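Structure first, then comments.
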């Protein structure tokens, strides 16, 4: 959503880059090679794990966008408890009707939620919850010019 | 740590010639001259502990780093407060702070008012390289006006010092040791049932993070008022 | 007491000792006691009495005889026959043999390098005198150094003698003792203190404990001389509470010394007075650090504080304080008796005198040893230690405990000196030496010490508190084969940060075991890494 | 000497409080003797409970939280009494570690289903580790109640513990 807050600046970026894969784009498989991938969210389950490893393999510059990707943030709050305890709490203790832990259809939870860079190498970090549009714009502009952005003037953890 | 003989000395900080009294610390002299040295444990009006290690500076001619908050200036000192090496050390130290407990800026009462968060931004810490430890820590909301959330405590001991040195109640202290250390009230009893706490709230005002806060504050609402501290510290000095 | 009384008492004890045809020395230091030497002592006493030999033969509990790995040790004098692994059942035969030839099956040869290549200053009395009787200490010139200092020398003369000796701190860092004394002596204050640091905490080190158990009076004498030299009237001995026997003997020795008047008021009829109190630690390694130790004596948490100011300027209760380690102080009486020049001829030019080591691990002859400084490390392992058991190969020698490093075979020809050990990434340390053979994993050793440091970190400063925990986690990850090459880089980076930014010596030296094993045994780390 | 603090009576008639009081008196009821006093309580009562800490706080004029801080800083002090029939201390110092102390520890943990620092469910055995018992020449060392087993191995230690436990039954 923060990305969309770039508003008309999106056009500036669109002039230099094309969007090849995104929840907004109707393509189901990750392309063979992309120059830049922005990744949001923490790595929580097996599906995330496999996805991010695949993305890394097919990406030149990987950017962690937002606190969840960088610090684990709110999703990582479950890390103080075991994955089983979390499932137990969500699907048994707080449920009155047919309590059961789903085995199919739902990806297997990792023992711990992990920031992206603990799983694969990350090149650029844009912290913030959410990162301000200015930070995203600055980072993208710099990256498109082939420079590594220093974002400390634009954003911070939590901001 | 008062010194009897006060001399005027001149020294260099980041290449600038500055004058100072010999009973001033490097940190004090730097601040007087608008030179910023990061720190988390030190706060004007309380005793010096030198525990956060962010204010380490280089002194030309020696190989060891010294903490600016606890080192008195000397004639002819040549101090470097910012260098690539110092910046790397400071970033790593901040990473260690972030990895130690459960710091979630986005949902913290002190978001945008937090000194740890502020230092991370100022020192350009974009992510934490070391593994997060995710310890299970308690939140004590038994006090009628205040809360302590150990998930956000960085053990700077400002609360312990202000309670002992200014309020003279010594309700707070540190229990345990190493990575297991926790600030506690009395015999590790709920804060609300403490017999010694005067509910003055000074500890809450000096806390650099969101560990101590006022009840009823929501995310990003907890700002601090610390103007009382230098004044009370002076009064205390006069009376002792 | 009068100076003459001291000489008289010493003389009387020397004469008394000559009346015995045989003196059986039983080691009653902790090492042999844990092999039940107390039962051997009781059995010997009973046997001698039952045979009606108690007029000519004395059974005496003494301090450490050195070869702890062969305990319980018994020595029969004046012949000097040393018996090893003595059991209660052996006692009748042993006493019987006094009139004939020694019991061959129990004899431990003293011709081996373990005994021949040692030079004893600090341990000169260990194993020879009964540590519970002050008279025996007097008979071997005990308190003569103090007598000389107080009655014939000025404080500054005493200090120059110590400077002249070249003695350096035996607690680990090797700071020149004379210089430390000078600083405290020059500090302007009515009240000064002398502290004996007996908070020996390195796992695998027991030099100080054995000195205290074997010869407590030499520490008391050393402290009193230090007190006279720097102008202090009060001393504290800070001992680990894990050393009950050392504490008991020390307290007993203090009572005797007070009763005799060698400490107290008007020592040797002079204006000099000196008191000593014992303070107990309570299980915190960090209290070996000077400022933490001071905090602990003051009744507080053992948190170190930034230095300067150094304890020599502002120490215990803010007063100038001299802190010396047990072994350092144990050298002082001999230096005063024989002169600093004599001491300086022993050892090497930069590291004079001797060093006491606790030699343990995978070595044939383990125990408490004292060797001249400058002896090669190889001699310590292969001559004194008698090499590695079970025909295995030597791998490393660990010195300096959790603050030190592991030295590989290629550096064994280095002399035992402060500087050379620093050059090869270790430290002299307080004197624990652990020998490892080819079966030891160096990653495991590094992890062992890091977990130790994590447990013992006081928690005050963040690099040590969290840094050691992070390092321990990384080392576990490596040891379990779960680490990546990036983890190894992170390990080295973190070591650098913890070493250079920690508040006190514990944190600053905590990475040493990792750094030194990385330096010499990097391949072992790499073998654990997932590519 | 502290004169400004009114002496308060000990928490109970228990004669052991006299020992504690003697310790404090020897140091002139000065706050500096906090650690000596805690040693004295630990020795007399086996642990430091709230009652004892309140008494010391009032007598020496040391804040409660400071006493708690000191008591939890030093590993020798315990706040809860340990109630086990037998104590087994395994040395995990460097020499013992090199010579197999850790193996003995894990074997005992497994055999008696107890972790270091804990007591077995039936309360018979308290298992503890020590940093260094200083008997490195005889490593690995295990102390069972008052008895020291030197150059120990997992078999003889386990056997000895079983003997002792059987002896009780």
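Per-chain residue numbering starts at 1, and chain names A, B, C and D are given in the order in which the chains are listed.
Here is the rule we go by: contacts are C-beta pairs under 8 Å (C-beta built on N, C-alpha and C of every residue); 3 or more make two chains touch, one makes a residue touch a chain.
Note that this is a predicted model, so its numbers are computed, not measured.
Chain pairs B-D and B-C differ in how many C-beta pairs are in contact, and the one with more is B-C. Taking the mean of C-alpha positions as each chain's centre, the chain lying farthest from the centre of chain C is A. Between chain A and chain C, the centres computed from C-alpha atoms are 57 Å apart.
The geometric centre of chain B is 35 Å away from that of chain D, both derived from CA atoms.
The distance from the centre of chain B to the centre of chain C, each centre being the mean of the chain's C-alpha atoms, comes to 39 Å.
For the pair chain A and chain D, the distance between C-alpha centroids works out to 50 Å.
Counting partners per residue, chain C has 284, 301, 458 as the residues that reach two or more other chains.
Shared interface positions of chain B, i.e. residues touching 2 or more other chains, are given as 129, 131, 174, 176-177.
Among all residues of chain A, none touch two or more other chains. Contacting chain pairs (ordered by label): A-B, B-C, B-D, C-D. Taken in their complex, chain B has these residues touching chain D: 164, 169-177, 184-188, 195-196. Against chain C, the residues of chain B that register as touching in their complex are 1, 48-53, 56, 64-67, 70-72, 88-89, 92-93, 96-97, 99-100, 129-131, 133, 154-155, 174, 176-181.
Across the interface of their complex, chain A is touched by residues 98, 102-108, 111-112, 114, 117-118, 120-124, 126-129, 131-132, 134-136 of chain B.
Of all the residues in chain A, the ones that touch chain B in their complex are 64, 67, 70-74, 76-77, 79-81, 112, 115, 117-118, 122, 125, 127, 129, 150-152, 155-159. Here chain D touches chain C in the complex through residues 31-36, 38-39, 62, 66, 69-70, 73-77, 92-95, 97-99, 130-139, 141, 143, 148, 150, going by the rule given at the top.
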